[in-house]
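Common to both upcoming complexes is chain A, partnered first by chain B, then by chain C.
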Partner chain A sequence: MRRKILIAIGIILIILGLIFGCIGFYKYYSEKKAGEVYEDLKVEFDMAPLIDVPQMDVEELEIPIDFANLKSQYPDVYAWITIPGTRIDYPIVQHGSDNGYYLNHTVDGRKRVEGAIYTENYNSKDFSDPNTLIYGHNMKNGSMFKGLHKYRDKKYMSEHDEVIIYQEGRILRYKIFAAYVYDSRHIMQSFDFTDENIFRSYLNSVLTKKDMSSNIDTTIDITTDDKIITLSTCNNNDAQRYLVQAVLLSIQE
Partner chain B sequence: MNRKKKIIFIIICLLVFLVGIIAFRFLRDKDDTYSTEYTESGRENAVVYDGKSYQYNEHLSNYLFMGIDTRETVEGEHARAENGRADAIYLLSYDRVKKTVKSIAIPRDTIANIHVYAADGTDLGMTKDHINMQYLYGDGKTKSCQLMKESISTLLYGIPIQGYCALNMDGIPEAVKVLGGVNLIVPDKTLEKVNPKFKEGAEVTITEVDAEQFVRYRDTQQSQSAMDRMNRQKVFMEAFVDTAKKQAVNDAGLVVNLYNGVKPYMVTNMGTDLFAQLLEATYDNDNKITDIPGEKVDGIDFDEYHISETQLHELILQMFYQELQDN
Partner chain C sequence: MKKRVLAGIMMAVMMMASVMSVSAAKSKSDEVTATGTSANTHETDLIFDVDDSVKKVIAEINDGKLTSLSADIQKKLTGKKLVAEVVDLQHKDATATCNHEVELTVTPLTDKCSGVVILHYNKVAGAWEIIEPISVKGDVIVAKFDNLSPVAVFAKVATGGSTGTSPSTVGTSSTWMLWVAVAIVALGTGVVATQKKSR
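Take a look at the complex of A and B:
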């Protein structure tokens, strides 16, 4: 009798041990692997390595993404964002109805912690809005939008200030002008940027920000005629977001 | 099962269980797949520049010194000329541990965000204008000083300012009188025309009679003459502090005498003991005044001074922050 109890306890211990071990390992594994699906995508749909894009040839439109194929497999993909010199190089998706979907789903629809780089349907898909909000997770392994936090360094910001967004048949070039910690309010719900006065005072509030941890480039003149993008990621706690903002300089079609 | 086997069985069971729990605990610590670090170095309040982390030097106390001019005419819808303008602006940073001071000169024509109020006190919001105008939008006393303090703090990336002292320029002869004159070398020829005593390079003693002329005169027809004047004021201030500290060694009551002498012309929230401490801190100091980096620009009606933000950011780091050593 005592023997049976002993064996039963032993087996329970072993099973518990295995379960805990597996959960731990799974979490560790998914953190390590976060963003890997995008590495595969880059290989699959990047037709040319980005560094070789000739800057001189203005006439020729060099889009290194095979959008036709990409879109046929993943219909929600409508753009590709890349910040030269950083790890940020991802497709941008927007879900038709569920704005929270890509918070925890990768572009191929798998449920994954890293989610996707995405916009919500408060924004159009052609970047014609005064402000387009683009979200991405702050992954511990450095993937997705974790790299935005490097913009706390003013010098880094001045050396990595270009954002390129590729779309089918066009290239949008942006210049980063602001990087700072902001509260976690939903920006698109809090500001009606189509109202010029609201957009003006919003821009003003950003451009007059002055403290040592906010990096604002005041040498660029930004008006309500400009289009900006706001890249948003987590900032350690629920009350804050880290934002990097860039202004549209040119559209090449 | 004999006793030995039993023990081995128990040990194996416990081992597997422990390894599982440890693996779970260890890996779960990293369970936040989302990063909780602010920076690469993980220091929350650190300012990062060129890959290095910096933290504000908590040993510093910063004091705003202003020379107020109530005589020049002033333009601007809501400006109240009688309040005067802050035409000489200096920030003094005192290291309480090292007992040293450093100072920054802020040109009066610096373009900055200032807070505008109507005469009845209505808040009209922020505007970009000459920083010396900020003083006008207060009451010429404490309120004006508070406004200047806030604007200068914002201009200097939010460094805290603990105290202020605004001295009407009319009080300068009074201060020179207490010292019995200030010796200096005239730095340029901008005063030669109006007073032959002030030849460039001449060694002169500034007395209560010509002190005002030396620190206040400028040829308003001349572009950027306010910058020349600021340069002269700096020379005067350095010489003034130099004279005062030499005399203070033998005269313990000097600071109190100075304080009382200029009191009618002064608005401050600092006491005599603090002034004495600051003066003492200048003893073994080079007392050089750092200029705020920027460039002179001729505005439509008035001269302007545009700050170079990148260089100012670096200056603030260098003066008010300390590099954090790697753990």
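Take a look at the complex of A and C:
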């Protein structure tokens, strides 16, 4: 009888072990494969890696993204962000009604931990707002917005200070001017950037940051007439965010 | 002896699994605190001094389910979202009687929230009620209560997946090693337990 109980316990432990092993393998696999859907997307739409994007003449505006086809398959895609020389090279999406959807869904609608690079409906889709917040996960395998953390290094920031956003019929070029740790408050809910005084105060608070974890380029003159983008990812904990901000330099149409 | 050891390991494996799932779950914080002069006399707590039936409704409210509330209250909360989970509002001196006009700071409240109301469990009436705040300024609410008990804050918020905090883009937490380690322990112990005794 005792022997039978022992065997029963053993079998239960083996079954539990197999279940836990499957869970562990699934989590490992998800972590390693995070972001691959976007590499497949680039292959599907025949996009070459945007390593070095030269400034083009107005007459030669060439958008390397096939937005017509992309949008026909993934209607929420409205822009493409790339930081030359980095792994950040993704479509930007915005869900019609659920701001949290793309936190855990990829552009093709699959539920995945890496989600998508996305904006919320607090921002318009033409980057005309004073501050456009763009979110992306801090994935361990280096995908999505993990690369933003490299901007803690001043030299890296000076060598990779260009952000390009492609949209149908136009190219927006930005220059990165700030990278720092911030608290977890929802920026668009906390600041009304349409109020010039509030926007000015906010910009001043960014440009005067002096702590060790901040990289601020004070050589750039940024005023309330400028448009900025804020790339936001987690700072390895839920109480903080790591922000990289860039100011719009030019729009080619 | 061997059976006891194996049973103990099995319990440990089950406990580790439940700890991992709890640690992966989102932690909840007290988002409603008594502030200003009210901080001297009042406090909020996540331990509720109410019957189990009320605690059950509290759990449902925190889960976003309002079906246990009256039709009238559900109608008043239409279009509003739970901004801060239920907390128990208490007087620091349990014997004190006073005018329960209380100032509360509700950290998730921002200027994007409107139509702020308080869902309050009236202990005297034994029923839930809606209380309109006397004032709402930023994340500070002043409201009057006939008695102190569980309160929750509801408001209309801009469409979105987050109220007050930036989307949590924390990525993965790399717990796969822990799961594999627990799996190895369980498998090894299970194999040992099922081995035939050698004579």
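Criterion: the second predicted complex is superposed on the first by the 229 of 253 C-alpha atoms of A that agree within 3 Å, B and C clash if a C-alpha of one lies under 4 Å from a C-alpha of the other, contacts with A are read in each partner's own complex, and residues count from 1 in each chain.
Heads up, the rule we're going with is that contacts are C-beta pairs under 8 Å (C-beta built on N, C-alpha and C of every residue); 3 or more make two chains touch, one makes a residue touch a chain.
Everything numeric here is computed off the predicted structure, so don't read it as measured data.
Q: When the two structures are laid over each other on chain A, do chain B and chain C clash or fit?
A: Superposition result for chain B and chain C: clash.
Q: Is A:M212 contacted by the first partner chain B, the second partner chain C, both or neither?
A: A:M212 contacts chain B only, not chain C.
Q: Look at A:L6 in the shared chain and tell me whether it touches chain B only, chain C only, both, or neither; answer first, second, both or neither.
A: Once the two structures are laid over each other on A, A:L6 reaches both partners.
Q: A:N138 in the overlay: touching chain B, chain C, both, or neither? Say first, second, both or neither.
A: Both partners, chain B and chain C.
Q: Identify the partner contact of A:S30: answer first if only chain B is touched, second if only chain C is, both if each is, neither if none is.
A: In the superposition, A:S30 contacts both chain B and chain C.
Q: Identify the partner contact of A:I187: answer first if only chain B is touched, second if only chain C is, both if each is, neither if none is.
A: second
Q: Which partner chains sit in contact with A:S97 here, chain B, chain C, both or neither? Use first/second/both/neither.
A: In the superposition, A:S97 touches chain C alone.
Q: Where does A:R152 make contact in the superposed view: on chain B (first), on chain C (second), on both, or on neither?
A: After superposing on A, A:R152 lies in contact with chain B but is clear of chain C.
Q: Does chain C touch more residues of chain A than chain B does, or is it the other way round?
A: The partner making contact with more of chain A's residues is C.
Q: Touch check for A:Y122: first (chain B), second (chain C), both, or neither?
A: A:Y122 contacts chain C only, not chain B.
Q: So which chain C segment collides with chain B once the two are superposed: 26-34, 116-124 or 170-178?
A: 170-178
Q: Which parts of chain A are in contact with chain B and also with chain C?
A: Dual-contact residues (chain A): 3, 6-7, 9-11, 13-14, 16-21, 23-25, 27-28, 30-31, 34, 113-114, 137-140, 146, 234, 236.
Q: Hey, which residues of chain C end up touching chain A in the complex?
A: Counting only chain C, the residues touching chain A are 2-3, 6-7, 9-10, 13-14, 17, 26, 110-112, 158-172, 174-180, 182-194, 197.
Q: Which positions of chain A touch chain B when the two form their complex?
A: Against chain B, the touching part of chain A is residues 3, 6-7, 9-11, 13-14, 16-21, 23-25, 27-28, 30-31, 34, 113-114, 137-141, 146, 149-150, 152-156, 158, 208, 210-213, 218-219, 234-236.
Q: Residue numbers of chain B touching chain A in their complex, please.
A: The contact residues of chain B facing chain A are 1, 6, 9-10, 12-14, 16-21, 23-28, 30-40, 44-45, 47-51, 56, 113, 126, 154-155, 157-158, 309-310, 313, 316-317, 321.
Q: Where on chain A is chain C touching in the complex?
A: Going by the criterion above, the answer is residues 2-3, 5-7, 9-21, 23-25, 27-28, 30-31, 34, 97-101, 103, 113-115, 120-122, 133, 135-140, 144-146, 184-187, 189-190, 192, 232-234, 236-238, 241.
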